[in-house]
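Shared between the two complexes below is subunit A, which has subunit B as its partner in the first and subunit C in the second.
Right, the complex of A and B next:
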């Protein structure tokens, strides 16, 4: 079995049938850079309404996170149900605490 | 066959310091947890002796504060948590048909960080005073203004280190249960103890970061002069309560869920029936975990959260009674019509049910915010949480220990002694805590070190102390039972209770270090019972006989934990004024902290750079050991 292990390490599976190739990743990479550029541009342009800028930045940030998680952390692929569930769980717990502390509870 | 990796076999103490075998780590957890449980128990008896009569001066007020603080902290973090981890380590890999946990190295690291955190916390007794601000360490009482000794520093740093171990353990069991189940064991075929431990581990993952943050803030306030909780400088002391209970309330479900799991294993085994309503049990467990994160402010009704928050948290809290009720009824229906055998594990399990129901009912009473203004900080609360934690959790753990003892050690605990300890424990328990409900309703506050005579408290406190002593005798009988059993020869059957339903009963007791010679094929819920009913002699293997890959033993987790321990001590005393110039040199210049961190990070570096591929047990060795087993 150990020999088999070592061999498996050497001839790493290079191309499974479902591998998409680099095209999608290049597109996603460019998309990420565009998102960042929009955010920078919105701030440096200055003339734009401040509230609008904040909302725009948040939208860009959310899109960026989704892209990063989905493509670079492979959450869009099969077999990632548990990481997704646990991330949602984490957001839920942290979100409950923050929202409650800010809006329900007065000290 | 490549046989390149040979392994260095350690003997004696070195074997225990270097082991990465989940079965041995389980025993380490049990020993360490048992030790701290004993310390916490002695503290409990001292508390009760002080309260046996009015105006008693058995201990001073300061010592009393230290005793209650250390009793609570020790019991929760260092007593029952490790015993839960002991059962999880001993049982879960066996129940899911795995050869070890997902990360054996981390398993060992989790144990040693827990142990050194616990030792650090208990060193406070001999190093200038134990923490004295209550186990919840509420600010501002726990800030340097009111708590001038190093007690609370021992609390923050000790719990931080021990909490690291718990977090590591939780993540490890999540990964183990998700990735290492035997072929055929889908999530909905997992034994209930595995399910509840899985949910508990998920709760650990989400809840422990909150206490980590809280302890960092508090230790920065105390040691580095930060102002997170300092009102005069714009801090907010109520923030601590929120952070503590965002962790603290899930923590109590982290504690009780594995006990629910134990009960769900023991009752079907000794009723010779499958668990009633398995899928509703799973659903109820998940629901309890989910709701458990949304109720923390019910500990803070009287801080002035406002009526909206109080009402919402009241309702959320009362909702938890629904899934818990589902569980209670399922256990009752499991016993209904079964062929019940009253063995010692089953006695503890059956004792658990009415006791836990009583604790649950007072919980719903406390959930009502207006009533809580009356109950808050009285002995009614003390009675409530001891009903769920001692009558519930500790009964569950004792049940589990009696049940799995033959699997862990290869020897049956003495049944007569087991039953005797059960009766002492359950009678002593109810004597101690039932009367405390009424003490609370009559107005006796918790955490007072003495009380005036002729307020109606005298007799009930006397009764409570007598009960505590009986409960202590029950635990002592269990200890004697364990020691007596250890002197007996090994050699119980694979399935000593004869009605075992799950996979752990399909292999020798204690199991060989690789657990399963061949990973079994699971064909249904209660995998072993299914094969028994089909008339098969054992599990069907899911793989051919082959060499088994094993992790190498290593001392690194121990060394890493020693490093963290040294760094923790150094951090605590970094601002201390020493009369000895050498001490001030090494402590005030952070040299001790740096040494400790160098040890820890050095070990990590060593671990990363040195490739250890583990070793293999070859087929011929398996056959030899197979004959022995």
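Right, the complex of A and C next:
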């Protein structure tokens, strides 16, 4: 194999590596649809224990948000330490506000 | 490779043009800081809503008001639009400017569909259910939270529309690419906020 061929092959490999296909994102989409469907079905069906339904809904929402932040917004990719810290900081203050408001108003 | 990026120095655009310049990388990083602030903003609105959601002042309650099929339709529209903005960024990474513009246009149209549905929903609440901004603490918290999200969608629609125009005028360059990337981040974040809205406002409202 000539050096040129080798170089060409190398480029092809690199090329396909660099251009990720849509498959991964379609899987995230289907996963999000399934989580959403479970949440809506749990509420429409009714009759289930309310406390269980609430926990189920929150778990479905958090899972969906984590997957979308990780794959669609690339937080799971290399070099995203600062963005992750920004988001953790934002969600931490948001969560504190929610807990505080509930505690402050109703207990 | 297309010829629409004549503005770059050597005529060739790198694979991820949004990260080609320090300015582009700084724009993406600082947009994450902005999104952290947005999370705080929506967190406080969620806190208000959760604290006041049962204070209906003898007006309509969440259980009486919300129609889950309409919420499901809005959710599907926004989720699909989030996927189409992923495809827009992927087209950008392949330097396919025409495909990039088409995906952005589809995203804008879906955003408009979502807005239309929300405007119809609010109008129905006000007209048929007598559920206005000042009806109860629940109604004020509801319209503020969901309306603020709707305003974000409206702003995103305007923003991405202007970007499409700029892509026609200037093409895909290391200057326009970070703008596209950052607008896609914004759009995903809007969908992330909506996940919490349909869960906390609509579905939890139905549970009671």
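What we mean here is this: the second predicted complex is superposed on the first by the 74 of 107 C-alpha atoms of A that agree within 3 Å, B and C clash if a C-alpha of one lies under 4 Å from a C-alpha of the other, contacts with A are read in each partner's own complex, and residues count from 1 in each chain.
Methods note: a residue touches a chain if its C-beta (ideal position, glycine included) is under 8 Å from a C-beta of that chain, and two chains touch if they have at least 3 such contacts.
Keep in mind it's a predicted model, so treat the numbers as computed, not measured.
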Touched partner set for A:89, first subunit B, second subunit C, both or neither: both
First, second, both or neither for A:36, with subunit B first and subunit C second: second
Partner chain in contact with A:97 - subunit B first, subunit C second, else both or neither: both
Residue contacts with subunit A in the superposition, subunit B compared against subunit C: C
Which of subunit B and subunit C A:105 touches, first, second, both or neither: both
On subunit A, the residue positions that both subunit B and subunit C contact, one per complex: 82, 86, 89-90, 93, 97, 100-101, 104-106
Complex contact set, residues of subunit A against subunit B: 1-3, 5-6, 82, 86, 89-90, 92-93, 96-97, 100-101, 104-107
Complex contact set, residues of subunit B against subunit A: 1-5, 174, 178, 202, 205-207, 210, 236, 238, 242, 246, 293-294, 297, 303-306, 308-309, 312, 546-547, 549, 613, 616
Residues on subunit A engaged by subunit C in the complex (per definition of touch): 18-20, 22, 25-26, 29, 32-33, 36, 39-40, 42-44, 50, 53-54, 57-58, 60-61, 64-65, 68-69, 72-73, 82-83, 86-87, 89-91, 93-95, 97-98, 100-102, 104-106
Residues on subunit C engaged by subunit A in the complex (per definition of touch): 15, 29, 32-33, 35-40, 42-44, 46-48, 50-52, 68, 71-72, 75-76, 79-80, 82-83, 86-87, 90, 93-94, 185, 188-189, 191-192, 195-196, 198-200, 203-204, 206-208
